[in-house]
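Structure record follows, encoded as C-alpha cells.
Note that the chains take the letters A, B, C and D in the order they are written out, and that residue 1 is the start of every chain.
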Amino acid sequence: MTGVNSFSRYRELLLKSLKEKVVDTMKKGYFGQWGGAYIPEVLHATFVELNKAYDLARTDKKFWQEYVDFMQNYSCRPTPLTYAENLSDHLGGARIYIKREDLNHTGAHKANNVMGQGLLVKRMGKKRVIAETGAGQHGVATATMAAKFGFECTIYMGEEDVLRQRPNVFWMEKLGATVVPVTDGSRTLKDAMNEAFRDWVSSMDTTHYVIGTVCGPHPFPEMVAWFQSIIGIEAREQILKQFGKLPSRVYACVGGGSNAMGIFQGFLQDEGVELVGVEAGGKGLETGMHASRMVGGKSQPGVAQGYKTMFLQSDEGQMLDTHSIAAGLDYVGVSPILVDLGEKGRVRFESATDEAVLEALSLSMRTEGIIPALESSHGFVQAIKEAPKMQRDEAIIINMSGRGDKDIFTIAHAYDDPSWKEFIIQRAEEYKNRV
Amino acid sequence: MTLQQELRKRLEHKSILLMTHLVLGYPSFEVNKEVIRQMAENGVDCIELQIPFSEPIADGPVISKANQKSLQNGTTVRECILFAEQMAVEFPQVHFLFMTYYNIVYKYGERAFLEKTKKIGFTGTIIGDLPPEEGQSYVAASRELDLAPIVFFTPTSTFERMQDVAKYGEGFVYCVARKGVTGKQTALDEHVAVYLEQCRKATDLPLAVGFGISGAADVQKLQGRADMAVIGTATIRLVDEKGPSAVGAFIAGLRD
Amino acid sequence: MTGVNSFSRYRELLLKSLKEKVVDTMKKGYFGQWGGAYIPEVLHATFVELNKAYDLARTDKKFWQEYVDFMQNYSCRPTPLTYAENLSDHLGGARIYIKREDLNHTGAHKANNVMGQGLLVKRMGKKRVIAETGAGQHGVATATMAAKFGFECTIYMGEEDVLRQRPNVFWMEKLGATVVPVTDGSRTLKDAMNEAFRDWVSSMDTTHYVIGTVCGPHPFPEMVAWFQSIIGIEAREQILKQFGKLPSRVYACVGGGSNAMGIFQGFLQDEGVELVGVEAGGKGLETGMHASRMVGGKSQPGVAQGYKTMFLQSDEGQMLDTHSIAAGLDYVGVSPILVDLGEKGRVRFESATDEAVLEALSLSMRTEGIIPALESSHGFVQAIKEAPKMQRDEAIIINMSGRGDKDIFTIAHAYDDPSWKEFIIQRAEEYKNRV
Amino acid sequence: MTLQQELRKRLEHKSILLMTHLVLGYPSFEVNKEVIRQMAENGVDCIELQIPFSEPIADGPVISKANQKSLQNGTTVRECILFAEQMAVEFPQVHFLFMTYYNIVYKYGERAFLEKTKKIGFTGTIIGDLPPEEGQSYVAASRELDLAPIVFFTPTSTFERMQDVAKYGEGFVYCVARKGVTGKQTALDEHVAVYLEQCRKATDLPLAVGFGISGAADVQKLQGRADMAVIGTATIRLVDEKGPSAVGAFIAGLRD
C-alpha cells in the first residue's frame, strides 16, 4: 500500500461523512440525542482547552500526517487485511477478510487512539497523562505512549482488575507508570473511570485524561473515533485492492465502541455495506450476566461518566454490574455515536455469548493460525454465523481489534486446561519455597 | 421569598451562614435523622441531602464510599424523597436542597423530579455533573417552579465564565474553594481571597464556599469574604468516628 | 514505503552478495570451512529434494513475490524502523533506530523463516511439518504456519522447556499442533532438534522439518538466511529514507543467528557499516554458564546436528550445557555463515550478561515504550554501551527480533516482582481449591 | 585379507553372518566385557562398539538413552579406545568396528582416530552422520590404512545413489532395513526383499542388514537375501531386562 498520500483525501471524506451522516447537532457534541458533555464545572476550562486543541489538530493537515507517520514508524501501520482463505473455505459462503489490528504495537487498536492523543498532549504542552483501564490493554497502551513521549503517567484500575490482570499491571509498572488500584464501587472499569475523573479535576493544568474509547464527554467520542478512523480508511482501500469491490458486511466487537467506530467509518458512506456491531452476551442475555447495551432490551438511556447514552442501569438510574469473558467489553455504557447509528438503522447490533466466543476462537486458531483477543472473537462469532448463508462472490471483513495472547490466563482457564493449572501450581510452589 | 432573599435576611443577624451535607441512607436513615436534628438545632441554615448515585465522579473517597454503602444498604431514590419530605416538615427552620448527579434526575424525569422537590418543601437542587450548557431545560423548569438551581464557580473559571454561569443560577453560587474532589483539606490562603473577590464581582448571588472546610478556623477565615460556609466531608467523618451525637457540638463550635 | 517492487531488485543484489562475499565454496553449502550437510544417508533423498525445491524457488522471481505478498498480508511487513529519539537523547551520541521484528505475527522474526518454508512445503506437496523449539517461539510460529497452510504439525520440545514455557505450549496445542516433550540429553533445545531429526528419518516422504534458525545441514543455513534477508532489505531502504545515509553499525543478538543474518545481509556489501552480533553472556563468560560461541574462546570447531560450526563442547567432542536468561539464545551451536563472517572480520562479536540484559530492557521500556524480548535485549545492551561514544550524525540500528511480553514469567521472575509472585500463588490456590 | 574377504570366507561355512552392537560404558565396561564374551563365544562375526556421543541423531530411544547414561557415567573416548583394544586382543575371532558420530572422530583428529583404530586391531568404522560427500578424506585415509569405511544403503536410496555410495565403501554395506531410527521393529516383508535385490545389484560388497532385527525369525528371513544380520537394540534391551548372562543363549538361538 502506498497509503500515506491517500490518507488526507480520505480524511476529508470521513470527517464529512461523520458530520453529515451521524451528527445531527454537532454543536455540543451530540449524535442525535446522544453524547454531550456532562462534566463538573471545574473541568469546563479544561474541556474548552481540549476542544480548541482538537479542533486545531483536526483542521490541520500536518497533524494527521504527523499522526500517520508516527503510526507507521512506531506501530506497523497500515496493518494488513488478511484473507482468511481456510476459514472461508471451511464455512462456505462469503469470503472472510480480517483487519489485523492485533499487529499494532501493544497488540490492539488501542494504540491508534492513545498515540493520537499523545501527539495532541504534546501540542497542548502538558506533561502528565492519566487513564482508566479494565483489562489493562488501554493502560498498557497509555503507559507505552507516556514512555515514548516522556510524560508522567498514572493508570487507574479497579482493584478486582488489578488482581485479575497482573501481567498487564506488571508491564505498566515496568513502562514507568504508576498503577492505582481503585477500591470504589464494583472495583472495575467504570470505577476506574470515575477515579480518573477525580484525579483530573485537581490536576488538569498539567494533566490530560486519555479516555480509552469513543465514550465520555465531548470531544472524546468524536476525537477517539477520528483517530480510530485510520482503521477504516486502510480497510476500505485494502479490500478494494484485494477483492476488487466493497464488502457486503463489516463486523466488529463493541465494548465502548472504538474499534467498531474505527472500521465502520471507512464504510459509512457506502450504503451497500452493512455494519454489524457485536456486544458481549456473557452467560446469555436472559441471565442478566452480560454487557449488551444495544441488544436484549435491558438498557436504558442515561447520563453518567460525562455523557448520555444507553446504560445498563436500574430503573432508578444506578448502574448495574456487567459480565463478559472479555474484560474489554465489560462496560455499562456504549458510544453515543453507535447508539445514534443504531437508531438510524446504519449499524445492526448482535451479541455473542462467552461460550460461542471460545468456539470461534478455537476455529480461528486452527484454520488461520490467528489468535484473536477474546474481545475481537465476538466479531468472529457473528461473522462465522452469517458467512455460510452468503454468496461466494461476497466479502465480509472482521475487525480483529487485538491479539489473544494477552488473554492466556483467561483462555487457559476457560478451556480448563489441566497442564496450565499444573504449571501455575508448580510455579507457585517454587515461589513459596523461595519466599 | 426566594432562597436568595431568605439567605440575605438571615445574613442580617449572622456573620456567615452554614450549609452542611449528608449522604442519604448512610450509614442509615435513622442516623441521618439524628444528624439532621443536631444540625438544625445548632443553627445550620441549609442542608444538602445527597441522593446516592453509583458513579459519583465529583466526590472524593469519603463521600464516594458513603454513596456506595448507602446503595449497598438498598437505599432507593423513592425512599430518599420520602425521608426528605419528613425532614422538611420536621425542621422548617432549615433550607433543604437535594444534591445528586444528573442521571438520578434524568431517570426520575426532570420535570417530575423538580415538581416533587418543590412539593416536599425543598428550596433548590445541586447537580454535580450538570453544567449550564446541558442544563438549559433543567434551569428553566427550576425557575418556573421557584426552585434554586445552584451553579458552581471554581478556581479554574474565568471571570467571563463566572458571569455566564451566574446567569443560570438562583439562590446562591456554590464556590468550589479549590480544584479537586470533595473531602480534601483546602488552604484558605491569599489565593482563595483573590478568587472570592472575583466571584463577588461576577454575581449578586450570595456565595457559598465549600470543598475542604473542616472547622471553626476555616469558617472564621471565610467571614467577610463569603456568605455561607459549606461543611461536607467533615461531618461524615465525624459521624463515622464519633457517632451522630458529636455533631451538635461540632456545628455549634463552628461559628463562635 | 512502496516496498514491494524494490524487493526483487534487492534480492538479486543480496544473493550476489551472499555468494560473493560470504560463500567460498557453495557447492556443498560451505561458508569458508563451515557448514556442510552431515546427515544420515537415509535423509539423502530428502535433502536432494529440498535442495531442488529451494533452488527452484530461489531462482523464481514469482516465489519471492509470493513470499513478500504473503508476509505483507499476514504478518505486517514491512515492519517499521522506529527512531528511538528518547533513548538516543538519553545516551547522547549516535542516533538509535530499532528494526521492529516484534511487530510480526506471532511476535518475532521467526515468522519470516517459518512462512517462507511453509510456502516451500506447499510447493513440495508435503502435508506435515515438524520443528524443534526451545523457548517455544519457533514452535508457536511453526504451529501458526501449519494452521494457516493446513499442514499437520508436531513440535519437539525438551521436557525442561515444556515445563518452563507452558504458555507457548498452550498456544501450540490450541493452534492444532502436537507438542512432544523430549526426555533425552539435557532435555532442552539441542535434544529437541535431535528428536526432530529422528522423526524426519522415518517420515520424510510426507514431512518437512522446519529448522528454526540459520543452522543445520545445507541448505538450511542459506535458505533461512534468504528468507530472513527481508529484514535487511527493508532496513536498508528505511534507514536511507529516514536518516538519509547508511548506519555506522548494526546490532543483533545471536542465538542460531537467523535474525542477525537477516538484518546483516542488507548491509553486507556496505563496507562502511559495521555488523555486531551479540551472544548470550549468561552469568558471565568466566562462570562457564553462558552460550557464547564466538566470544570468550571456550568453543571449538565441531560437527553436530548436521553441520560444522563452533560448538560449546568438551575436548572430546561432547556438547556442553549452556545457559542464558533468554531461552532463544541458549544453544550450543551457531550459524556457519556467521562463523565465516566472523573469521573474515566482517562481523564483530560481543556478549551480554543476563544482568546487563535486564538493565537494557528496563531502559528501553522506560524511554521508548518498547519491550524487547530477552533475546533481542542482548543487542540493546551492546548498542547502549557503544552509542554514547559515537557522533550525533551517525546512526545505528538495533534489530529487535521479538517482543518481550512472551517472557513475562521469566522477566517478572528475574525482577523478583513480589506482586507477580503473589498473583501466581493466588491463582494456584484457586486452581487447587477447584481441583 | 580385507574385511570383505574375511567375511566371504566365513560365509563359506555359514548361511548368514551376525553382527551385534553395544554402547561402550553402558551400563558399564564390566558388563560390556561380559556381553562381548558371550557374543564371541556364541559365534558372532562382527561387533560394533559405539563410542557414545551427546547428540546421537540417528539412534532411537534405547540406544540414545544408552549413549546418555554412558556419558553420565563419565565415559571418555580415550577409555573406550583402551577398552576396545583389550577386546580385540581377547577375542581375536571377532571383527570389531567402531560405531560413532563424526564429531568424536573430528575432535580426536580424523587421521589419528583411524590410525589408532587400525593399531588396536579393529577392521572398520561406521559413522552415523558422515555421508560420502562429507567423508572424502575419511574414506581415503581409511583405505590407505586398510580399514573398512562402512557405507549405508537405505530404502530411500535410488539405484544410482546406491551405486555412487558403494564406491566409497569397503568391508560390507550396511543396508538399513527401513526408514527411521534404530530400535523399531521392521517387518521383513516383500518390500524388504525387493529392496535387498536392488542392493545386491548395486554392489559386490557383502550386505549387512540392520534396524529392527530382533530374533531368529528375522534372521532366518534374511538368509539367502543378505550376508549378515545386524542385531542392535535387541541385545541392549535384553541386557537391560535380564542381565548379560542372557546374551549367550540369545545369540546362539539366532542362527539354528
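The criterion applied here is as follows: contacts are C-beta pairs under 8 Å (C-beta built on N, C-alpha and C of every residue); 3 or more make two chains touch, one makes a residue touch a chain.
If you're wondering where the values come from, they're calculated on a predicted model, not measured in any experiment.
A.B. asks: Mind checking the centre-to-centre distance between subunit A and subunit D? Centres are C-alpha means, answer in whole Å.
C.D. replies: 66
A.B. asks: For subunit A and subunit B, let me know how many angstrom lie between their CA-based centres, rounded off.
C.D. replies: Spacing between the chain centres: roughly 38 Å.
A.B. asks: Need the CA-centroid distance for the pair subunit B / subunit D, whole Å please.
C.D. replies: 98
A.B. asks: Residues touching two or more other chains, restricted to subunit C: which are they?
C.D. replies: In subunit C, no residue touches at least two other chains, as defined above.
A.B. asks: Counting only residues that touch at least two other chains, what does the list for subunit D look like?
C.D. replies: As it turns out, subunit D has no residue touching two or more other chains.
A.B. asks: What topology does the chain contact graph adopt: line, ring, star, complete, or other?
C.D. replies: Per interface graph, the chains form a line.
A.B. asks: For each chain, which other chains does it touch, given as pairs?
C.D. replies: A-B, A-C, C-D
A.B. asks: Under the stated contact criterion, what part of subunit C meets subunit A in this complex?
C.D. replies: For subunit C paired with subunit A, touching residues are 2, 72-76, 79-83, 86, 100, 103-105, 107, 143-148, 150, 163, 166-167, 169-171, 174-176, 242, 362, 365-371, 405-406, 408-409, 411-412, 415, 417, 419-421, 423-429, 431-432, 435.
A.B. asks: Contact residues on subunit A for subunit B in the complex?
C.D. replies: Listed in rising order, the residues are 28, 36-46, 184-185, 190, 194, 197-198, 201-204, 300-306, 311, 313, 315-319.
A.B. asks: State the interface residues of subunit D toward subunit C in the complex, per the touch definition above.
C.D. replies: 53-61, 64-65, 68, 71, 76-78, 101-104, 106-108, 128-131, 133-134, 151-158, 161, 165, 176, 178-181, 184
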